[in-house]
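The same chain A turns up in both complexes below, where it pairs with chain B and then with chain C.
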Partner chain A sequence: MNLQFQGARINGIQLVLPKREVSFDSEASSYDFSLQQSAKLKAVLGFDRRRVVADDVTCSDLVVAGFEALSRDGLLDLKTLDALIVVTQTPDYLIPGTSYVIHGRLGLRQDMLCLDINQGCAGFVVGLTTAFSLLNQKAIRRVALVNADVVSRLVAFGDRNSRPIIGDAASITIVDATSDESLIYGNIKVDGIGWDALMVPAGGMKIRPNTQTAIPEIDANGNSRALDNLVMRGDAVFNFVMKEVPTMIHSLLENGGVALSQVDGFAFHQPNPFMLRKLAEKLGVPLEKMPMDLVRKFGNSSGVSIPAVLCTNFEASYFEQPRVMCLAGFGVGLTWGSLLINMSKISFLNVLEV
Partner chain B sequence: MDKIIAELCEIFEVSELPVDVRFEDLPEWDSLNALSVIALLDSSYGIQIDAARLQKFGSINEFAQHVLSNRK
Partner chain C sequence: MNSKFVEIINSVRPEIRFNTEQDTELFGVLDSLDIILIVEELERQFDISIEAEQIVPENFASLRTLEAFVKSRAQ
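Moving on to the complex of A and B:
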C-alpha cells in the first residue's frame, strides 16, 4: 500500500542503550559451537557484542530515563507533548499498555493521547506513519514516538540461533507538525500467513505460562528453548526479506520520483550484517550508504534498530542541509514497511547509556 | 553442475564434496551453512527454498539437479 504524508517532520531522536554489554566470546561455550563455527558466525552473522538489560529492567525504565535526560538537557519540554505512541513487543504488563505506565511515571498532562502498538522489526516505520497521521489533528502538534524492546528477557539461554544477536534498547523520536510542504512517501505491506515465523508461543491468552511452558526442549538445529521463549524461523524470515524488500524499495522510490542514487542514506532494520549485505547487493546500494554494524556493536534491538542506526551512524550536523533518507523495517507479522523522507535541521541525535 | 558443486565447496570450506549424501550427513552442515546455501540460491539462481526443504533432498546430487532445472 502506497502512503503519502505532508506537514510532519522528525525533530530529534534520543536513543537509550543499557550500559550492560555481553560478548559472544564470553558466552560461546554455552552454545556448543566448534571454534571454526564460532569464528564464522562472528565474521558473517555479526555475533559479537550486544547490550542487554538486567533481569528486572523494563521498557518503561529505559524510556523514562530517556525522557528525563531530554528534559534535563533542555531538549524537550514534556508539557509540549500532545500524543505518546509506544511501540513494543515486550510491554511492562499485559494490562495496561506501557504508554500509560510511562505517562504516569513522567506525570504528563491529561490533555493528550496515549497509544500502544505491538510491532517489532517494522515498528519504527509503523510508529512514524501513525505519528504522521495523528498530526492531521489541529490539537496534535507534537508526537513522541517511543520504540522500546527488551527481547533479551524472552530469548532462551540455549537459543544459539537468536540469542547471540538480540539486544535491548529504547528510542524517543519527537515528531512535529511543520508548515514545510515537502512530501513523505511510505509503503507498508503485510502477510499474516507468516504470523508464526517470529513469535513467543506462551504468555498470552492462547497458552498461559505455567510450569510446563518453562521447560526447554531441543530442536533439530540444537537450539534449546521453551514455549515461554522467543522462537524465530530465520530461514523463513531471510527468504521473505529477500523476496519482498527490494520490490518494496523500488516501488517506494518510483512513487516518490527519486532515483536510488539520489538517496543519501539507507537506514534499515538490522537483522544481521549477512542479510543486510545481501539486501544491499540485490538493491544495488553502495555498502557505505547502508550501515550494517548495529548487530555487531549493540545487538538487534527490534523496533529500535532504525533510530539506533540513525543515532549511532549520523551526527545531527549531517542533517543541517536536507538529506533524502530511505528507512525500512521488516519482520514480525510478517510486515514490511518503508519511508522516503527528507530529514533536515534535526535538533538532536543523542545516545544515552543507562 | 560443476559450478554449483564448486559454490557449495566454497560455502562448506572443503575442497571436495561427496555428492551422493544428504546435506545433513555432512559434518560441516549447520544452520549458518544452510543460510549460506539459501542465500546462494536466491542471489545466483533466483530460487527461494527453506532449510527444511534443503534437508529433504535425497542427495546433494539431487539438490544440484533440482537447482539447475528450476533456475530463473
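Moving on to the complex of A and C:
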C-alpha cells in the first residue's frame, strides 16, 4: 500500500554497537568450509567481522546505554519524549514488552505512550511509519523509535548460512513533529504465506522450549541447529527480495514524483553485499549511492541495519542541506517496506560502542 | 559437459564430485550460499552477467540445465 505523511522529521540517530567483535577467520573452523570457500565467502558475501553481545546482554542494556549517552551529551532531554516505540524480535522477556523495561530503567515520565512491535529487517520502515502516524496526535510532539536486536543469541553455533553474518546492535531515532510541509512517501507490503521463511520454531506458545528443543540436528547442507534457534530459508528470502523490492522502489519513486537520479542516497537493509549489488544493478542505482559494507564491518543487525548504514556512512553535516533519501527494509513476515524522505538539519548521527 | 563449468561447481561443493559425464541434480543439493558463489564465479570466469531474476530453480535444476543457461547468457 502507498502511504503519505506530513509534519514529521528525523531529528537524530544514535547507533549502539557492542564492542565485542568476532571475525569469520576465527570461527571458520566451526563450519565445513574449505580455505578456498572461506575466501570466496568473505569476498562475495561479506563474511568478515561482526559485533555480538555477551551471553547475558539484552536489547534493553544496549538501548538504555544509548539513551544515557544522548542525555549525558546534552543531545536529548528524556523528559521531552511523548512516545517510545521499540521494534525487536529478541525482547528481554515474553511479558512485558521491552519498551516498558526501558521506560522503567530510564525513569521516563508516566504521561507517555509505550509500544512494542515484533519486526526484523523491515523494522526501521515499519517503526518510522508508526512514529509518523503517532505525530498526528497533538499531544505527541516527539517519538523515540528504538530498533534493537541480539539475534546472535538465537543463532546456532553450527549454522553456516546465518551465523557468519549475524550482528547485534540497537538504534535510537528521535522523530519530531515539524511545521515543514514536505511530504514523506511510503510503501509497505506483506506476504504472510512466507511467515516460516525466517523464524525461531520454539520459544513461543506453539512450541515451548524444553530439553528436546535444544538438541541440534544437522540438515542436508550441513547446518546444525535446534528448534530453539533461528532458521532462515536463504533461497526463499533471496527470491522474494529480488522479485518484490525493485517493483516496490519504482512504485515509491513514481508515487513521490521523484526520478531515480534525483535520489541522493539509498539506505537499504543489509542482507549481504551480493544481494545489494544485484538489487542496485536491477534498479540502475550507481553503486556509490548504495552503501553495502555493513555486513562486512559489523554484521547484519536486522531492523537496525538502515539506521546503522546512515550512522556509519554519512555525517550529520551531509544533511545541512536537504537530501532525498530512499530507505528500504525487507525480510521476516515476509515484509517489504520503503520510504522516500527529505532528510535535513539532522542534529546527530552518532555511534556509541558499549 | 564443459570441464571448466564442472570445475566451478566442484570448487563450491568439492565433496559431491560432479563430473563431466553425468547430469546431476543441483536443486535441493546446493543451498543459497552455494548458488551465490557459483553465480559469482560463472560471471567472472565466463564474462557473463546473470540477472537476479534468473537465479531461479529452473536454471539451477541440474548440471545440464545450468550449463544450457550459462551458454544462453554467453551468446
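As a working rule, the second predicted complex is superposed on the first by the 354 of 354 C-alpha atoms of A that agree within 3 Å, B and C clash if a C-alpha of one lies under 4 Å from a C-alpha of the other, contacts with A are read in each partner's own complex, and residues count from 1 in each chain.
Definition applied: contacts are C-beta pairs under 8 Å (C-beta built on N, C-alpha and C of every residue); 3 or more make two chains touch, one makes a residue touch a chain.
Bear in mind that the values here come from a model prediction, so they are computed numbers and not experimental data.
Once the complexes are laid over each other on chain A, chain B and chain C cannot both fit and instead clash.
When the shared chain is aligned, chain C comes close enough to touch A:279, but chain B does not. By the document's definition of touching, both partners, chain B and chain C, reach A:235.
When the two structures are aligned on the shared chain, A:37 is found in touch with chain B and with chain C.
Of the two partner chains placed by the overlay, chain B and chain C both lie in contact with A:161.
Chain A is touched at more residues by one of its partners, and among chain B and chain C that partner is C. Touch criterion not met for A:100: it reaches neither chain B nor chain C.
The interface of chain A with chain B overlaps its interface with chain C at residues 37, 40-41, 44-45, 161, 221, 234-235, 238-239, 242-243, 274, 278, 281-282. Residues of chain A touching chain B in their complex: 37, 40-41, 44-45, 161, 221, 234-236, 238-239, 242-243, 274, 278, 281-282.
For chain C in complex with chain A, the residues that touch the partner chain are 11-12, 14, 28-29, 31-37, 39-41, 49, 51-53, 55-56. Residues of chain A that touch chain C in their complex: 34, 36-37, 40-41, 44-45, 160-161, 220-221, 223, 233-235, 237-239, 242-243, 272, 274, 278-279, 281-282.
In the complex of the two chains, the chain B residues touching chain A come out as 30-32, 34-36, 38-39, 42-43, 48-51.
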